[in-house]
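In what follows, chain A forms one complex with chain B and a second complex with chain C.
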Partner chain A sequence: MAFGPHLLLATLEGLVMAAVLALMALGLSLVFGVMRVVNVAHGEFFMLGAVLAWYFSTLATGHPAIGFLLALVLSPLVVGAIAFAAERLVLRRIHYNPEATIVATIGLLYVLQQAALTFYGPDANPVVPPFNYRVLLPWFGYSGYKLAVIGASILLITLTWLVLTRTRIGLVMRATQYDRETAQAFGIPVDRVYAGVFALGAMLAAVAAVLIVPIQQAHYLMGTDPLLLSFIVVIIGGLGSLRGTVVAALLIGVSDGVISVFFSPTLAKMLATLLVAMVLVFRPQGLFGTAAR
Partner chain B sequence: MSGHLTARDDARVWGLHFGLIALLFAAQYVLPDYHNGVIARVMVLALFAMGYNVLFGYTGLLSLGHSMFFAAGLYGAGLPIYHFGVHPLPAFAIGIGCGTALALLVGALALRTTGVAFMIVTLMFAQVAYLMSLWLGEWTRGDEGLTLSRAERIIEIGPMFLDMTNRDTRYIIAWALFALGLGITLLIARSRFGRVLVAIRENEERARMLGFDTFANKLASVAISGAISATAGAAYVLLFGYMGSTFASIQYSILPLLWVLLGGAATTLGPFFGTLLMFYLAEMSNDALNAWFPDARLNQIGIVGVALILLVLFFPKGLFGSIRERWLKWLP
Partner chain C sequence: MTDVLAIQGLDCAYGEVQVLYGVSLSLRRGEVLCLLGRNGAGKTTLLKAIMGLVPARAGSVRLGETELTALPAWQVPKHGVAYVPQGRRLFAEMTVAENIEIGLMARGKGAATREAVLDLFPLLRERLKQRSGTLSGGEQQMLAMARALCLEPEVLLLDEPTEGLMPSMIAKIRETVVELRRRGVSTILVEQRVDAVLSVADRVAFLENGHNRETVDVAVLRADPEMVKRYVGVG
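The block that comes next holds the complex of A and B.
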């Protein structure tokens, strides 16, 4: 293949990655923005989403789309319920102390990994894509499902944005984010908002995972890389900024896709991580964020 | 910290620490083979935890990247021996030097951030170090790791002959390094410098207003913490003869945090007892659970996870933190 089509392929792969990453990072960013805590277990919610997607898809018989749709609906719900329970049982009791929350979510990360290893096992399993359609480009055929993932991600992000800016729930969330105490004084049940936001964040990671399992297999250790990547995206985009998160996901996803086609993926990851650490050191508000209030 | 210490408290502190060191020395003669090996390993890892405690406990900075300092000591000492046949003694010094230099560099950069950002930056630097240990696979053999042969682990200077594949030699070297580390943390905890670190932890603005250069003090804390961690890493490769990328992974940044939390942050004895307790706890509960549920594929990550959550929820001060709060106010 010539350089041009090769680059196009790399960009397309990068866009698929960016689509999934944006969803997942959005969840992380939402939790940090509203609750001011870092959820280190976010990658494991992604992993759980994928593993559950595999489980639900094996329950259904007949056309693979049935199993996939079942997974798309049920997997985020179950993950959301687990996150909700974790928030009520652990995070609320330590009063969202930033450092204690980090330690507790590290603990949660290991517990979820162990649970997946116990009940799901050490093997990687694929989910059959809901449809097999190849889009024929002049140079190569491209998986229609991958393009659908990009579309689904755009749809879901728009939906989240609409909920945040146009609905009462979004208003309540933004009020809590802006000033917790004043929100409480105005009768907003801050406590319940926190639980809801934490569950919602986990559900976004789970949806991202369901979308990716037909492309990448479900495995109990698959949460670590996406976690670090979403940290990177959220930092570059500016913590708590939705627009920044999406732009950063595009930037990181596409450049990661392109770089790993042309260079060693380990080297690419190394340089990207180093670069982001430097951004955080010299521009802590992120590339698109504004300085903290 | 407990304000004014009387002369009697002073004697108690020294007595307690010397007592522990003497007890550990005597233990080598009574411990059965298996536990002898365990305690030697625990002492080396406790050194790592003590290094972590200087930064996390006394200075109040939560780092998620200490595996890179441990790994710098490990590879800094191990690779020159393996590839260039360097004598173990200078190699040990090279390992410590690598870790200290890395700590100074990382500290100078990461200390520009505070709070959560500091944690993420250290995590990322450690991830870079981990990836580098994989990327340089030609030298490090990545996850598979490298093993030092017996000949590479013998120190012979004049009449002194130390064979680190020998059980007793291994124990005594681990013990000596542990005693040194404990002495250093005790001195730091009771020094003016240590009190400045605690002041920074409690209220950095106020410490700065009192005229202390908080950045320089924090940087010194990172450097000392990194140097002690690297010493543990360098000792590990010499005593146990193995180096691999696992030691640079995130897990080895989380473990010292767990040990320090369990033993009690900002206590001199906490890191050792946290490491000791966690080792036996993980070992025993893992064996017991695997006996009950043979098909559950349990490894220690689940136990580590449950321990972290329970500690944060019900036992945030840890073992010696709670003892200090309830009974022995004079504990350093």
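The block that comes next holds the complex of A and C.
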């Protein structure tokens, strides 16, 4: 293959990765932004989303799209419910203390991971894509499903943005993020907002997982790498900045795709980590973040 | 006159440090009650305790028949207590309109309330789309008051509303307090400076080291300026 088409292929692969990463990092960023909780278990919500997607897709018979759609609806709901319960049972009891929540979510990480190993097992299982259409480009054919993943991610991020900026729920979330005490003085039940945001963050990770699972198989250890990359994206983009998260996900995803194809995946990870170090040294609030108030 | 708000034997503490010791105070319907006291006397803590933002160790805060200390903090404003915190505490990254919207949402008030509040502060009407953090100090204070008035409160808590403002703004804030009293809003006003108070207050309560020493009519205070010196230190 010539250089041009090769680069196009690498970019497309990178965009698919960026699409999934942006969704997942957005969840992490929301939870940190509103609750000031560093959710180390975020990758496990992603893993649970994928494992549950496999489970729900096996329940349905007939066309693979039925199983996939079932997973797309149910998996985020179940993951959201689990996150909601974890928030009520654990994070609320430790009063969202920053250090304690890190330790607590590390604990949650292992509980979820080992629960998946116990009930789901150590095998990797594929989910059949809902459709197998190939888009024929002049140089190569490309999976229509992967392009659909990019589209779905754009749609979901736009939707999240609309909710945050145009609805009362978004207004309440932003008020809680800026000033928790004053929000309470204006009748905002901060406590419930936290539970909702934690569930929403986990659901975004689960949706990302459902989208990826026809491309990459479901496995109980699959949460670790995306968690690391999400942290990288969120640090580069600036915590709590939706625009920063999207831009950083594109930067990391596409560069990872291109560098992995032309050089090596290890180099891609090294450069991403170097970029994080640079950002932390020279612009600690992230590319689009605002300095701490 | 009937009491709208009755505080009885209120103890409050931040962790181990006790700030309020058995404070008792009543706010009569339609009056402006001013809290005076030195820095650290517990004025702000008392307002936060009424809002439920600082938990009460002992004692009670009753709004009519409702015991406010038994409610979670976010329920207090729903019963008609509005708070203008010290330093204004606007949602600085939101627009003026969004700050007002949050005030309206607190008690489910609608467009009529919004218009009435904006009529009180016409300047804000021109700035609705502006980010509230970029307003001048006086405008921010107006917005903080407007946001609180969107609750159509029965009780209004004002924490040093004139702090750091230029004289014309101080006059505007004072006029607003008087206008609200005319409309029957009962107000607790925290101030450091006596001269800012005498013209608007009906009664004055002196806080000293977390104790409520005395509550007097403003006429008594005018007749005995020594009193101010005793509790606030300066004349």
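Keep in mind that, in the parts below, the second predicted complex is superposed on the first by the 293 of 293 C-alpha atoms of A that agree within 3 Å, B and C clash if a C-alpha of one lies under 4 Å from a C-alpha of the other, contacts with A are read in each partner's own complex, and residues count from 1 in each chain.
One rule holds for everything that comes next: contacts are C-beta pairs under 8 Å (C-beta built on N, C-alpha and C of every residue); 3 or more make two chains touch, one makes a residue touch a chain.
Quick caveat, the model's predicted, so the values are computed rather than measured.
Undergrad: May I ask you to decide whether A:V78 touches chain B, chain C, both, or neither, giving the answer as first, second, both or neither?
TA: Neither partner.
Undergrad: Which partner does A:Q184 contact after superposing on A: first (chain B), second (chain C), both, neither?
TA: The answer is second: A:Q184 touches chain C but not chain B.
Undergrad: Just chain B (first), just chain C (second), both, or neither: which does A:A277 touch?
TA: A:A277 sits against chain B, while chain C stays out of touch.
Undergrad: Using the touch definition from the top, list the residues of chain A that touch chain C in their complex.
TA: Touching chain C: residues 168, 171-172, 174-175, 178-179, 181-191, 290, 293 of chain A.
Undergrad: So in the complex, which bits of chain B are touching chain A?
TA: Going through chain B, the ones touching chain A are 62, 64, 109-110, 112-113, 115-117, 119-121, 123-125, 127-128, 131-132, 134-135, 250, 254, 257, 261, 296-299, 301-302, 304-309, 311-313, 316.
Undergrad: Touching chain B in the complex: which residues of chain A?
TA: That would be residues 38, 90, 93-94, 98-100, 102-104, 106-115, 117-118, 121-122, 224, 228, 231-232, 235, 264, 266-267, 269-270, 273-274, 276-278, 280-282, 284 of chain A.
Undergrad: For chain C, which residues count as touching chain A in their complex?
TA: 51-53, 72-78, 83, 85, 89, 91-94, 98, 101-103, 105-107, 147, 151
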